[in-house]
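A short write-up of the structure that comes next.
The first chain written gets the first letter, and so on, giving A, B, C and D; residue counts start at 1 in each chain.
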């Protein structure tokens, strides 16, 4: 059956499998000390305009978030995040497992504002009991957010400035970064992220890789002994090049951008039809996720023809269903979906 | 200077010091295996109507909450609490240090409702992604709450029933329990707590003891190996009787109740005068804490004559100040305070 | 340059890449709920003779050990392991990060004996202070060990019986299991492991897979909510089939055994030549690792012609170097190595 | 019955109870911000010759060790300790609960040597895989040790120098410090500890206080935000002065020394008689603990007349029993014991 249920259902860009096949029985050093991982790191440094950046390859968003956040914080520190953020809701308590509180802020369309951060931190320091409280020390945002929305460059600049004025670090979760970078109207580049954030990760799993997320610390040695703590978190690959080769391929000849663009364009086509046909979208964005408000009857009817992702109950009579396109979505699939709507 | 800043400023009930003095050089077994601790445990079992109860003596509310909550939960489980609860805000991340997320609910006057708990837990199970989320497994409430408010017996019965219908345990923080038990209009007894909760603690530090909190598990062996985990949490006293003697004394001849009653009556006297003089109280209760809304000028003026506790900024022009009476508050102190208002 | 430095330097069995390539744009469910992972689980259940087994696919030995051990233990419990065990030495404190003490026993050639376990546990219970100590609750062994040695079936039966008589669980790390199963003289099958251990893992990364380790709990529901705790440990793959397909392929047509056999046979050839030429081996085994005692001069001389793994300094004048064969080692490589010796 | 079972069986020095009684209803600030705690801190700073020292009052050895060690280490770091050290064996895994490995060294009479530390750390850095291992960062020793033995000044100077040359911090557990300071032949003063260690604690619980351990960081701000982490560990007392007053009293008019001296002198008297009567002592020291090797029959016989502490089984026929004197031991008790031997 036709499926738009999520963006991590297809293997990976064929270019990656081809590269893997060409390795043959070449012997590669372990733990990321191989030539391919080094090449991938250099390509990412160049793409990020951060020649001194420390780059590491981990596997999976939760692992990456938990490892980066835990190692950037001291035990008494916490991470500010949107109440709807992935680290707040959908990581099974991985941040708390590392000993840190997620300091949740109300969010709009998955985004938090610089002013909220300032208010929270000022409130912390103004509180006579703040030494009995978790100190905010890091801000976690995702670009795009879990709702597919994007921070504008202006918003990001403000958040970055607010963070640094308040002695907080800024960390950006880019699980779906390709889909953000290439979205119509997006004005935030990877170089902006490297300039404005203290750490970010470039998603591979959901953006055309078989697996892998590339953690980037634009400033060298941001987290001393990060390697050992990656090991301690169970996140170090013996065959580090298995992740490195994903990014070495994705960052060759603009593949990452092309894959991102495919998903966004397909989603835009679908959005256009939805608008024409009078469907209501819950949170509008231009990335690869569409949140469709449907009556329960309509959702039930559609479910026999196409697999969508269940998002949430909107009210008694309506549900929100998610349509996710991906790097692999074809025109034929979109045609078929459109014909069903 | 006159002070109503908090309820843990005075040593302890003279009866306790007397008992300590009488020990002389008696040799007592360590780690709670002494005759005094055993006597205290039995008196608490009787007061709670729970002859099989496991009773342990710890020191300090944060330690007690962190130890009980951590040991009652499995790693994937979290604790539901009011967003304003002590475990949510004022324990420096002690619950998260133990690896657990505090699942915060909005609260009114420090209280959460059975219906909120049911809605949260039902929502968890209804969520298709709940296996990626922290499982709610324990409800934390405080009696009285941080705002001095009290759950009625009806509310507590409902919360208890909701918890157990949803396979959650119920834990009650009684840091100021004496002041709750003896408050005008309170209808919740210690026997009710033992009947309705899976664990609760009887506060000593703020209720007339030099230190110490008595953890009560009404059902035997609720937490196997709790003793060892108390040790692991750094919460085991070599001189266990130093805490045990507090409760052995407090639970003799109704001392705990008398001390509680003193604070509540003094607070009631103050509340009466405040009403007569037209002061506005923020959250009305009948326990030992009064939250007074004052203009910043009035607060500043008062601060030269009496020490109150700063609670929070109400708005641009007003602050909330806390008046706390205690087991030790005298009529003379109340007279003096009243004369200043 | 010729290299026998380790067994995780080559990509993976070509059969696996072929399967990956054949997936094309097939859409597969996430988090292990796909048809390929299910097929792999069934093949493993059959190979292990454990039709009810719970099987999960994780990535990397440290992650697997940390997740299994942490979730099998309660907070007051610890894991018994050889002092030279991987969890004791080479996991950067991952077990302790999860809050558990590794209770280290002296070992011989990487192995511990049933009698040592019994003695340790009996000593624990006999100690009047055992409630102040970490309770032994799980035994960790590796098959083969870090030194390539193997437990015999008799030894394993004794360890298993001792564990269960003493109320300990038994967990076997099979990072190099293929090389153990196929070693000359080995009498321990996968069915034996499933019968004797409470949990074990089948190594993929070092035995022909691109990545992946298959955790097997022979008894259903050994660890309730393991899935959520895998997520909490950052060990859950969105593209679960990326690991599942490794094992689905490895457990088809005896591939896992063939790959294991190749490494062992190549190592046996090398051992034979070493003996003939009078080299001294430190710890003799029949699996894929050879530990060669060399003078520093000889080691230096060899290092210009072949890459070996440095193991340790033996004494002032001698070092131990490791020769590791793998699933991919060819006769030509062995010939070349032999010619250098 | 006569008891020499341990040194934490009697209440506390009468001077402390007297001081507590004199407080009456004086109102004291919370969390250690009171005049008495400040006075105690100053007296300790003076006794330690460390005018800038940060001093905190915690309760109990395990709590103190876990809090200090956890807050002095980064997540990838571990603590070196004697295999027989309290943190290694008798704290129920409290160090591991904080996420850190105890790197155990063999010890002689409870002591480790500077050369062992150097060898361990050099070995760590020389190991090609050290980035996969727990980095040694802190050395834990106790003075006196769990066996009552003492480091000489020369040994301590060497350990301190070795630590600092190898970039390790040094932490000294002084649970029984009074008994070490006053022991015949001891040449290590509190000023030496402050000069040579990065942190140490002065035991109150076992040395005449009702409770309390004073943590001393000779250099200001050794652990930034220690206060908040004390809270996070559940180790912050609301009535901080309850611990502060112990040390304010113990450090007035040489009380701490007098109490220590009493125990040591009483132990020396007993040791003299034991020698005269031909008893065999297991580990000879001049502090307050005597380890007596007895046949099981003799131990059984004695157990009807005097309570001793069981230490361990020496061999099939012999046990080691501990005689502990304390600050409170009287000549009459010693006479009675001597008459039984």
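Note that in this section a residue touches a chain if its C-beta (ideal position, glycine included) is under 8 Å from a C-beta of that chain, and two chains touch if they have at least 3 such contacts.
Treat the numbers as computed from the prediction; the structure is a model and nothing was measured.
Taking each chain's centre as the mean of its C-alpha atoms, the one that lies farthest from the centre of subunit B is C. Looking at C-D and B-D, the interface holding more C-beta pairs in contact is that of B-D. With centres defined as mean CA coordinates, subunit D is found 42 Å away from subunit C. The distance from the centre of subunit A to the centre of subunit D, with each centre set as the mean of the Cα atoms, comes to 50 Å.
Per-chain CA centroids place subunit B at a distance of 33 Å from subunit D.
Residue positions 75-76, 91-93, 97, 99, 131-133, 228-229, 231-232, 236 of subunit D are each in touch with at least two other chains. For subunit C in complex with subunit B, the residues that touch the partner chain are 70-71, 74-76, 99, 131-133, 135, 225, 227-229, 231-232, 236. Across the complex, subunit A meets subunit B through its residues 75-76, 78, 89-93, 95-97, 99-102, 104, 126, 128-129, 131-134, 310, 313.
Per the touch definition, subunit B reaches subunit D in the complex via residues 3, 5-6, 8-11, 17, 20-21, 23-30, 59-64, 66-67, 91-94, 97, 205-206, 210-211, 228-229, 231-239, 242, 328, 330.
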